[in-house]
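Both complexes below contain chain A, partnered by chain B and then by chain C.
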Partner chain A sequence: MANRTIEVDYLARVEGEGALFVKIENDVLRDVKLRIFEPPRFFEAFLRGRKFTEAPDITARICGICPIAYLHGAAQAMEDACRVTIPRHIRELRRLVYCGEWIESHVLHAYMLHLPDFLGYPDAITMAKDHPEAVQRALRMKKIGNDLMVLFGGREIHPINIKVGGFYSLPSKAEVRARIDDLRWGLDASLETVRFVAGLEFPDFEQDYEFVALRHPNEYPFNEGRLVSSKGIDVPISQYDDVLVEEHVAHSTSLHTRVVGRDTCHVGPLARYSLNFGHLSPLAKEAARDAGLGETCSNPFRSIVVRAVETVFAFEEALRIVDHYEDGMPPSIEVAPRAGTGYGCTEAPRGICYHRYTIDDRGTIQDAKIVSPTAVNQPQIEKDLWDYVEPNVQRGDDELRAVCELAIRNYDPCISCSCHFLDLTVERS
Partner chain B sequence: MPPITTAPVAETRVRTAKPKLAVWKFASCDGCQLSLLDCEDELLTVVGAVDIAFFPEATSTVLPGPYDVSLVEGSITTPHDATRIQEIRAQSKVLVAIGACATAGGIQSLRNYADVKEFTSYVYASPQYISTLSSSTAIADHVPVDFELRGCPISKQQLLELLNAYLHGRAPTLPNHSVCVECKSRGIVCTMVSHATPCLGPVTHAGCGALCPAHARGCYGCFGPKEAANAMSLGSWFTDALKVPDLDVQRAFRSFNADAAVFAEESKRHGE
Partner chain C sequence: MVGADREPPAHAPLVVGVGNAFRRDDGVGPRVVQRLRELDARGELRLVEASGEGASLMATWRGERSVVIVDAARSHAAAGTVHRFDAAEVRLPSDFFHYSSHAFGVAEAIELARALGELPERLVVWAVEGGSFGAGRDLTPPVESAVDDVARRILAELPADLLPPGEA
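What follows is the complex of A and B.
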């Protein structure tokens, strides 16, 4: 028992494939590795030679769970390269369709992937036998989010209606307003969700994170802002590569991100919330306070509460935009290719998603760089595991395995995005 | 009008235990398996009719094989996966390949037209850590496949029809005509005829409900080639009648189903 390894060969309820390896020698933690073995797909390589207008649809295929993050990031980067500014109504509608993705993704994670850990079930389907109301509520909320993506994107997975310059077509005001009742129901359901998850038991585990997120002067960030951190980063997204760097490690097909001159960083709901609390709506702030959250949150286990608060915000924001929707707006603007480099960074449900492209004067892509949020979080997840396992090494393997999986799922890691995830191995020797 | 004939009773299988369903993933985006979780209205009914034996994206429960039905997402791109698919086939009574990656190599099969070593060193600082095959290929290139669901992503209605048909011991009713037929049945005006927008609809397998033409854009072929598609004729229409540059025609045929034979062949006629 003195020396042991714990291995989880397949991490369940994460999007993608990975494994965890923990090595303990004489009750001293020696190694923690989050192995991502999602096969490499080489997006950045094969984007070279493709047309700038193809990047949104192609990069959407990086992730079936958050395609909007890629559609928008790529479209915005190309608009930046071509020096065009999209009109305000298109920007608003991009926020609206992003609300759909946030709702769909956050509800999927909070109820179907994360909550079963807290309540002690293998999955949401088994959980439905004891908590039918919660699961039914989740499915309906998730559907309302997906419906928004279908309305503006054509379908929920890999939407076809989003392009460089805007949308191919727009729905009628009547079709859009027909969603109001559902969205109002969803807003109530999201408030109920905050109350529900606030009552869960959370381990006492605060971390000194460097939070990184977008920050906009007067909005909670979805589609744009400066890149800021809780330890002093404050740059335009065009300087992303000056402050965050990627490293290639042997045990992962996903590149690891570090802050230049410092250490790991944390992106996603906790980071957005902690850096932008002031821009949440009054209702979302009140829900957060009632749930016992402060203006920042450094306990990753509470991320389920923060996701619920962000879902409240997403429903409110969707209602605000739907209320102002009018017929007859042009669906897009013309974007002519122009040689140069463009940057796009949006807040995917799991955190910032960065795109950089260089195109020539015919619009052919010469160079591409895309960083998914899970790639940024991966070394931070390893650090959390290290800090969490170390004081608990004497616990049994099964118990350790369970808490490690929970600690990983706190990040809602999307491994197909970053490459992929989880198998746990604990080696004790 | 004669009554609609039903399947003979003898063909109807009677089940005593719930079938065991497994969902497997290879190189992919997870979108096709997510389609099952996106069946919000039907999910609890579907999972009530089967035993979910292996579906790591949704559950920690793992039941041992053999499996009655395996849904396989993703393409084969690594030596390890080429072995794993053989093991899964051996454990599965019925194996269904779902989505463009599993049926036609997916977008990652663009590597099949390039030097994968160069790709690896472009993306990764230490290419020696990466184990990958030089091509991305469909599941059917490795093992016998009992059924294929097309699309990037698949249609969740088609997935439900497939599972429903399986549970009732009948053949699934899934159209194998082109997107054009779906367009006509919806009364959508032809994008090529009316505004000279290139459209892969005439050679693309149905299943999306003519989604792109309904949104004022040409079909980009995400369901892959239909049976007996005449891609050469359409490619010639693009270049000759619509004056689309050869390189753009090549890109159109070389995307999410880049390793589908009909599209691959036509792509080689253009731009090289």
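What follows is the complex of A and C.
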């Protein structure tokens, strides 16, 4: 047991290309690296010189699983730069289509990517043979999320109906109300999901996280709020760059985020939940309590339960908005370019997704900054791995490897979103 | 996904053209469906287009007896190469379609359906090797010239499909 390295050369069930490296010398943990070798993507560079109205559709290509986060973040930032406020109904419909994305993303991750770890299967296909009901439930729930994306986004992958100022077109009331039965079924299925995942066994592991999420005066956050943290951050999103900084590290094409003057931070379901429990619906709160969750949750392995609770919330929120939908609402407002800098930040399924653009008076983009939630979480993932492995170095390699992979998937990392770093160095030992 | 636009016999095969028509050769599935619409004068097929997202795809073929899927492939073969898989006989290589490493595309949907016992009795996948997946509505010449061939081969397999249930 003197010198050991545990390597996972190609992480499965995460989006994008990454690897894990753990080095143990004489039963002392020496190194943990989540290596990201997804190619750099240069989105911020090639946005410069493009029209402000193009940013939503261009940045949506950053991610195939959470394009709404990029569509909304970019649209919101441009509306901020141009000093326009979107009407209430457009804001509501943005929340609705975001419900679709949360549902399809959370269900995919919880059931297809994360659950096999807990139940001891190599993948969802193998798991399906023994747990067909759970997988069929997941497929139908995900499809309902997809359908909301299609209805308001035009298609389920890389939607094309969202723009600066609103939507290109809106569906009829009849089309929207036709979703109600499915959404009601989905709400029941999401409650069943909470009960199902609450019965899993979780490693006993809690971290003293600095949770970072949006906070809104009276909503569970999707699309708007102040940037707050469990250790004292409370700023408008225009001050994002004052509190969170990105740095290059050699072993990753993703930038690593740190809190100014402090350390790593944690974004995503656990952070949202722990900072905004009070804004969950009564039903979601009850489901959380029944699942054994407190008002905060610092055990990352329980993120699967929190995702399930957030899925309950997303179905309820979708039903609330669908209930109020009327024909004849204007799909968008005109947005005239105006020189300035605008900020956008929404809660993607994996956590806050930040956009900042500077445009000139003709609407040409001069500067862009986009931070994906996985870029923020990456150093935190490494810290979790370090803190979990260190007291457990005596355990066998296979067991450590399995738990490390599970610990990474706790964050549902979207590696391809997080990459935009130029100098690629892969360490080898 | 776009719904079927005609009413062929209830047991008529369902042809699903998978792909994005705005990403050059990725649009070969929808293009073959378009070609079949022209060739299938008697309306013997049900024709739909789909993005390839797994859950939606599985919902599309649920309860179907005979399904044909046409998709673009990226397996390092020459552009325009046509592959045919009978899903009843072979597992699909999961990296073949290169949908996304979040891993829920055509191949995964087929294997998940197999595990759940939801695979249609007959499921044939036609995969056309793409040359370019860049922006644009035109296929590259080798892929364009494979469209008619694939459409005709799908039609040529029709008689077996159109037998009433139980006689296939």
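FYI, the second predicted complex is superposed on the first by the 419 of 429 C-alpha atoms of A that agree within 3 Å, B and C clash if a C-alpha of one lies under 4 Å from a C-alpha of the other, contacts with A are read in each partner's own complex, and residues count from 1 in each chain.
The criterion applied here is as follows: a residue touches a chain if its C-beta (ideal position, glycine included) is under 8 Å from a C-beta of that chain, and two chains touch if they have at least 3 such contacts.
None of these values were measured; they are calculated from a predicted model.
Novice: Return fit or clash for chain B versus chain C, each positioned on chain A through the superposition.
Specialist: clash
Novice: Figure out whether A:191 sits in contact with chain B (first) or chain C (second), or with both, or with neither.
Specialist: A:191 contacts neither chain B nor chain C.
Novice: According to the stated criteria, A:255 is in contact with first (chain B), second (chain C), both, or neither; which is it?
Specialist: Only chain B is touched by A:255; chain C is not.
Novice: Mind working out whether A:169 is in touch with chain B, chain C, both or neither, as first, second, both or neither?
Specialist: A:169 contacts chain B only, not chain C.
Novice: Look at A:161 in the shared chain and tell me whether it touches chain B only, chain C only, both, or neither; answer first, second, both or neither.
Specialist: First partner only.
Novice: Just to be sure I read the superposition right, which of the two partners does A:129 touch: chain B = first, chain C = second, or both, or neither?
Specialist: The second partner, chain C, only.
Novice: According to the stated criteria, A:243 is in contact with first (chain B), second (chain C), both, or neither; which is it?
Specialist: It touches nothing on chain B or chain C.
Novice: With both complexes overlaid on chain A, does A:51 touch chain B (first), chain C (second), both or neither?
Specialist: First partner only, chain B.
Novice: Could you tell me if A:213 is touching chain B, chain C, both of them or neither one (first, second, both, neither)?
Specialist: Neither partner.
Novice: So the two structures are superposed on chain A. Out of 77-85, 185-193, 221-229 or 239-247, which stretch of chain B collides with chain C?
Specialist: 221-229
Novice: Common interface residues of chain A with chain B and chain C?
Specialist: Chain A residues touching both partners: 12-17, 64-65, 108, 112, 124-126, 128, 135, 139-140, 142-143, 146, 155-158, 414, 416.
Novice: Under the definition above, what is the set of chain A residues touching chain B in their complex?
Specialist: 10-17, 38-46, 48, 50-51, 54, 57-58, 61-65, 67, 108, 112, 116, 122-126, 128, 135, 139-140, 142-143, 146, 154-158, 160-161, 163, 168-169, 247-250, 253, 255, 331, 405, 414, 416
Novice: Any idea which chain B residues touch chain A in the complex?
Specialist: Residue list for chain B touching chain A: 25-32, 34-35, 37-38, 40-41, 43-44, 47, 52, 56-62, 77-78, 81, 106-108, 110-111, 114, 116, 118-120, 122-126, 129-130, 132, 152-153, 208, 211-212, 214-217, 220, 222, 248, 251, 255-256.
Novice: Considering the complex alone, what residue numbers of chain C touch chain A?
Specialist: Those in contact with chain A are residues 1, 20, 51-56, 58-59, 100-104, 108, 111-112, 114-117.
Novice: Which residues of chain A touch chain C in the complex?
Specialist: So the residues of chain A touching chain C come out as 12-17, 64-65, 104, 108, 112-113, 124-126, 128-129, 132, 135-136, 138-140, 142-143, 146, 150, 155-158, 414, 416.
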